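Alright, structures below, take your time with them.
Both complexes below contain chain A, partnered by chain B and then by chain C.
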Partner chain A sequence: MAVHETHAAPRTVTPEQLTPPWVVDHLRKRWMGIAGLATILSFALYLYYSGTFEGRQQFFRAYLVGYIFCFGLMLGSTALLMLQHVTGGKWGLVLRRQLEAGTRTLPIVVLLFIPIIFGMQYLYPWAGSMPLDIHGQHALNVRADYLNAKWFVGRAAIYFVIWGIFIYLLNKWSLKQDVLPESPEAYNDLRLRFMRLGGGGLVVYAVTVSLAAIDWVMTLDPVWYSTIWGMLYMAGQALSTMAFMLVVLTLLAKYEPMKSLLRKTELHDNGKLLLAFVMLYAYLSFSQFIIIWSGNLPEEITWYLARTQHGWKPVMLLLVVIHFVIPFLLLLNRDLKKNPTRLRNVAILILFARVGEIFWQVNPNFKETSGITGHFNPNIMDMVLPIALAAIWITAFFYQLKKRPLLPAYHHLVPEILEPSHGAH
Partner chain B sequence: MASLLEQQNADPGVDDITQPGVSPPVIAPGYDFGQVTDKIGNVVLTKRTPWSWVIGFLIAFGIMNILMLAVGYLFIKGTGIWGINIPVGWGFAIINFVWWIGIGHAGTLISAILLLFKQSWRTSINRFAEAMTLFAVMCAGMFPLIHTGRPWLAAYWLLPYPNTMSLWPQFRSPLIWDVFAVSTYLTVSLLFWYTGLIPDVASLRDKAKNGFAKFFYGILSMGWRGSARHWHRYEYAYILLAGLSTPLVLSVHTVVSWDFAVSVIPGWHTTIFPPYFVAGAIYSGFAMVLTLAIPIREAYNMKDFITDRHLNNMAKVMLATGLIVGYGYMTEAFFGWFSANKYESFMILNRMTGPYAPTYWALIFCNIITPQFLWFKKVRSNVPILFIISLIVNVGMWLERFVIVITSLHRDFLPSSWGLYHPTVWDWATYVGTLGLFTTLLFLFIRVLPMISIFEVRALLPQSKVTVE
Partner chain C sequence: MKPTGIYGVMAEFNTPDELVTAAHKAYAEGYRKMDAYSPFPIEALDEAIGIPKTILPWLVFFGGLFGGMAGYGLEYWTQVIHFPLIIGGKPLHSWPNFIPVWFETTVLGASLTAVIGMLGLNGLPLPYHPVFNIDRFLDHAQKDKFFLVIESKDPKFKLDSSKQFLSNLQAQGVWEVPN
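Moving on to the complex of A and B:
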C-alpha cells in the first residue's frame, strides 16, 4: 500500500461518522410510494388487458424490459464490486458500499423473476404457442433439450445460487473492514481473499451472465444468434450500474459525510470509467452490427431488419444519439466529469437510454397476430411496468444502503481519501 | 493537465499484498539519479560491445538473411512457391501478419493505456515494449506487401492512389481499412516512442565522449535543453499522444478481425471476433514482452529496474487476457451447437476432429490450459517457468491464427471444393526470417538507444517524491 511519508498523522474516521444521511431513508420512502402506485397501476392494466393473448403478451413484454434493467443493475453491481477488489483503487472505494447495497437486492431480483416463469409462454417461442416458420422450428428442434420450460427455470436457479454465494461472501467479508483489523497480517489476508474471490468470481460471472442473457433475451427470437451477445450484456450492465451509482453518489455528496469525503479526483475517475463503458458498449454494439450487416445472412440480418423497419428506425437512431453520441461528447469534457450536478444529468440520460436499448432489443421480436411484422406500437404498459420494477428495485437499494456505513472505515485507502484533493487541476 | 510526475507518485494500484504493510518497490532501493543514468546510459555509450551482443546479433542477422532469400525467390517466381491453393487462398502470409500485429499491441497498451491508468510500474518496460511494437508492426507490414507477389504493383491494390487507369481499391472492404489502420498505428507508435526518447537522447548527448555519438544524439535530441518550458510542452505532447494511441489498441486489431468476420465463411463470420481478437493481441503481446524482458534483464543486469514485480504484473495481464481468449473459444464451441446451423457445427467439429485437429488441441493446451498456472503466485514469481509459459503462449497464439485461417477455409460449404493446405519450405523461411528481422532490429535498438526510460525511472526514485499541496 502506498503510504505518503509526509503525513504528520494518519487521518482516520470511525464507522459512526460514516452513517448514511437522512436523505437515504427519505428517498427510500419516496420510491416506495412510486413503486406502490406503479404496481397497483400495473395490476389494473393487467386486469384490463388480460382478456386477449396479445394483451397478456404485451404485459410480459413490458415486464421483461423492466426486469432485465433491474437485473442488470444488481448483477452489474456484483461485477463492478469484484472488479474493484481485483484491481484496487480509490475510484471503487467511494462506490463500494453502494455497489454492495446493489448486490444485496438479489432476493428482490429473484422474486421478480417468478412472473417471468408464469409469462414464459407469452414471451419465448420455445415455450409458447407462437406460429413458427420452418427455420424457427428447426432451430428449436436442435435446441429442444436445452431450451425448455424445465431447464429454463433450472438454469435460472443455478445462476441465482451461484451469484448468491459470491454476493453473500462479498458482503460478509466487507463488514470486517468496519472494525479495526487485529493486525496488518490479518488485514492483508482479508484483502488477498477479496482479490481471489473477485478474480474467480469475474470468471464465473462472465460465463453465467452470458448464458443468462442468451436464455432471457436472445431466445426471444427463435433463430437469431450472435456470439458477442454475452459481452454486450456485460458492458451494458457495467454501464447501467456505473450510471446509477454515480447518480446516487452525486446525490449523497450533497450531505455529510460524503460532502466532505468525496473529492474531485474520485468523481473524475468514476466519470472517466462511465465514459469508458459508454465507448465499450458502443464498440461492441457497432461490431455486432457491421459484421451482421456485411454478412447479410438471412438468419442474422432479420434481427436488424425488424429493428430498423416498421417504425423502429427513429427509435434506433434516437438510441444511437442518447446512448452514445450525447453522453460520449459530454463526457469528453473534463470539467463536466468533476461537476456533480452535470455528471448526474448525463448519468440519468444514460439510464433512460439503457431502458430504451433493452426495449429496442426485446420488443421487435413480437409479431402482431394480425400482421406479420412487429410495428413500433408502444403501449402504456411499456412505460408503467419498467417504472414499477425500477422503483421496487431502487426502494430495495436504498433500504440496503441505509444498513451500513458509507465507507469501510478501516480500509487501507481511507486515509488517502481523507486527504484533501491535490488542487483542482 | 495532470503532470507526469504526479501520476508516477500516485498509488501503484495493483500492489503485491502478500507481504504485510510493505509493497515490493517498483525499482530496487539504493540508487540515486546519477547512478540510474549511468547504469542505463552506459549500455549504449560503452566502447566495448559485449561478445554476447555480437554473437546474438550475428545469429539474428543470419536468420534475417533467410528472409532476404525467401523474399528474393518469391519476387522471381511469384506466390506459387508458397503452399496456398484453392480453397486455402490465405496461408502463412495472413497468419504471420495477424500474429505480428497482435504482438505489437502490448507495447501500445503498456505505453499509453497504463500511463492513463496511472500505473507507474510501466515505466521501466515501456521503452523496449514500444520498440517491440514498432519492429513487430514492421514485420507485420511486410506480409501484405509481399503476399501480392509483385509488391511494386501493390500501390494500386493497397492504397487509393489516383491513377489514369481509374484503379481504386474496394473501399467497403476491411482490407483497405487495414492499410489505413496499420499505417496510422505505425506512425503514431513511432511518434510516441520518439517523443519519449527525446529527453533521454539529450542525456546521452551530454554524456557522450565520442564525437560521432555527440553528433548523432545531438541531432536526435532536437535541441532539448531540459528547460521548464521544454518539459511542460513535452508532458503535454506525451499525454496527447497517449490519448491518441489508446483507441489504436482497439481499432487496429478490430479492423484485422473484420478482415475475417465480414465474410460469410463459418469460423470467420462471428460477431465476437473484434473483442476476442483484441484480447488475443494483448495476450500474445504480453507474452512477447516477457519473452524479451526476461533474457534482457538477465544479460544486462537490469533486475533492479525490471523487477520481479514487473514480471508478476505482466503475468497477471497475461492471465486476464488469456481468460478472455478462453471465453472466446468456449463461445465459439457453444454457438457451434446452439446456432442450429449445420455449417457452423461442422466447422467446430472439423476443427476438433478434422485433419488439423492436432493444431486445435495444441492451441487449447497453449492458450487455455497453460496460463491457468498463472493463478498461483509461486508460478508468477518463478522466472524460468514464466519464461517457458510466455514461449508457449507465443506458440499458442500463432496456432490460433493458423486454426482460424486454415481450418475455416479448407472445408467450406461444398465438399467437392474441399482441400488441404501444407506450408512449403518457403513459407517457413519467410516466417522464420521475420523472426530474424525482428531480433536484428532489437539488437540494434539495445545497442544505440537507452532500452529503459532514464528520466522516468529517476522520477520513480524515493528522492523525487514531493508532495504537492
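Moving on to the complex of A and C:
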C-alpha cells in the first residue's frame, strides 16, 4: 500500500486542473434565458401599468425589492471574502473563487441602480409628491440637506467607488495565487496584505453598508428610524450570500474538480456558518422589534403596526417560520449539514425567505391614496421583477465564475484540502 | 472464559493512515470493543472503530427544552399569577418581553446538560486507565505514535489469536495490557 509515500509527499494541483466544469457555462446560458424572458415580461408589465402613478409606483416597489436582494448578494460576497482573508481557514478557501465572482458583478449592480434614480420620485417620500402628514413633512424639512435627489445619487456614487476599490484589489491580488510564488517571503507578504485589506475593508464595509441601507430602504418611511438597521443588513447580506454560495458549491461538487476537492469537513463548516447567520439575523431582527415594541413610541411603533396589520400579519408569521424556525431546526442537525443535497434545499428556502423579508420591509411603507397604511395586495410585478433582477445577477455571477480556476492553486492551505480523510482508500 | 487480569491487547502504529486501516480491518474481522489513541483527532477513526453515535445532542436538546420551559414558566408565574404588575401599559402576559429570559435559560439548560452529559457519557475524570501500564504508550501516545487496543470485553477476544491478528497488521509492537 502506497499510503506511506503519499502521506509524506506534499500534494499539489495546477490551475489547469481547477478549471470550472462545463456546467457553469450551461447554468449561465440557462439563467440568461430566464433573465431575458423575465426582463421582456417586466417591460411589458411596465407598459401595461405605467398609465397611473400607482402603477408606476408598484413597478418600482417591486424593482427595489429585487435590487436590494441582488445588491446584498454582491456586497455580501465582498464582506465574506474580506472576512475569510482576515480569519483564514479552509471554509473560506473553497468558497473563495465563488465569492470573488460575486464581487465582480459590481458593474451590473451599478447599472441596475440607474432605474432607481429614475424611479426615485415614486419610492421615496423626500423625492416625490406623496401625501405626507405633518410629522412626515416636518421630518423631511429638517433632513432636506441630506435627503435630496442630488446628494442621494452622489452618495450612491461614493459607495460604489469605495466598494469598487476594494473589489478591484481583492480580485487583482487573488490572481497572484494562481502562479507559483517567487519565494515564501513574497507569499507571506501577499497574505499579510490581503489580511490588512480585509480588516480595513470590513470596517469601511460596516459604515458604507449601513449608510446605503438607510438611504435605499429606511428612508422609504419619512419619520421612522432604527439604529440597528445597518447591522440587520450586514447579517442579511451575509446570510443571503452564504446560502447562495452553498447552493452553487453543492452543485459544483457534483462535477470534477470540486467533486474530489470538497470534503465533508468544509461543507460542514460552511453549513455551521449558515446556521450562525440564520441565528444572527433573527437575533438582530428581534432586538429591533423588542426595543421598539417596549418603547411603544408613535414615531417608531407605526413601522411595526404597518407590517402586522392590513393583511401583513400572515406574511410576517410566514417569514418567522421560513426565515428562522425551519432553517434553524433543520440546520441544528449535523448530518444535514454534511449532506450536499439537503443543505442545498435549506439554502434555497433561505434565499426565498430573504426576498420575502425584503418584500415585507419595503412594501408596507406605501400608503394608499386614502392615507392609511398599505394593504397586503401583491401584484404580478412583485414576483416577475425580483426574478428578472436575480436572474440577471446570477447570469453575471456564472459568467464571472467561469473566468478563473475554482481554487487559487498555490494557496498555502490547498495541500490540506487535497489531503483525503485518513485511511480513505 | 476470558483470561482474567488482562484489559486487552495493544498495537502501535507509525502513521494515522496505518491506524485507520488497522481499525477498519479489526472491525471487518468482527471486533467491536476496541479503542484507538492518537496525539490529535483523526476524523475517520470514529467510523473505523465503529463507535455508535453519541446521544449527547438529544440530551442537550431536551436540556435546552427543559431550561426554556422552566424559564418561561418562572416568568409566567411571577408576572401573571403570583404578583401581577402592569408594566408600560402592556398586558400581563407580554410574551415578547419574556423571550430574552426564555432564551437565556434555554442556553443555560442546554450548556449545563452538554458539560455534565459529556462527563457522564465519557466517564471523565478518570484517574486510572489500564493503557497507562504500557511504557511505550506513556512515552509516545501524546507525541508521535498511534495505538489500537482490542479490549478483552469483546466477545471475539482470545488472547493468542487477537495478538496474532494485530501482529499481522504490520504493527510496530504488540503488548498485553494488564488490568
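Methods note: the second predicted complex is superposed on the first by the 412 of 425 C-alpha atoms of A that agree within 3 Å, B and C clash if a C-alpha of one lies under 4 Å from a C-alpha of the other, contacts with A are read in each partner's own complex, and residues count from 1 in each chain.
In this section, a residue touches a chain if its C-beta (ideal position, glycine included) is under 8 Å from a C-beta of that chain, and two chains touch if they have at least 3 such contacts.
A quick note: this is a predicted structure, and the numbers were derived from the prediction, not measured.
When the shared chain is aligned, no partner comes close enough to touch A:I380: not chain B, not chain C. In the superposed model, A:I117 lies in contact with neither chain B nor chain C.
In the superposition on chain A, A:V325 makes contact with neither chain B nor chain C.
Comparing chain C and chain B on the residues of chain A they touch gives the larger count to B.
After overlaying the two complexes on the shared chain, residue contacts for A:R143 are found with chain B alone; chain C is out of touch. In the superposition on chain A, contact is made by A:I290 with both chain B and chain C. Taken together, the two complexes place residues 1, 4, 290, 294, 296, 422-423, 425 of chain A in contact with chain B and also with chain C. Partner chain A is touched in their complex by these residues of chain B: 1-2, 6, 10-15, 17-21, 23, 172, 250, 254, 258, 261-264, 269-275, 323, 327, 330-332, 335, 337-341, 375, 465, 467-469. Here chain A touches chain C in the complex through residues 1, 3-4, 7, 265, 286, 289-290, 293-294, 296, 332, 334, 421-425, going by the rule given at the top.
Of all residues in chain C, those touching chain A in their complex are 15-21, 23-24, 42-45, 48, 57, 61, 88-89, 96-97, 99-100. Only residues 1-2, 4-6, 87-90, 138-139, 141-143, 146, 183-185, 187-188, 191-192, 195, 199, 203, 206-207, 210, 214, 223, 225-231, 283-284, 287-288, 290-292, 294-297, 299, 413, 416, 420, 422-423, 425 of chain A touch chain B when the two sit together in their complex.
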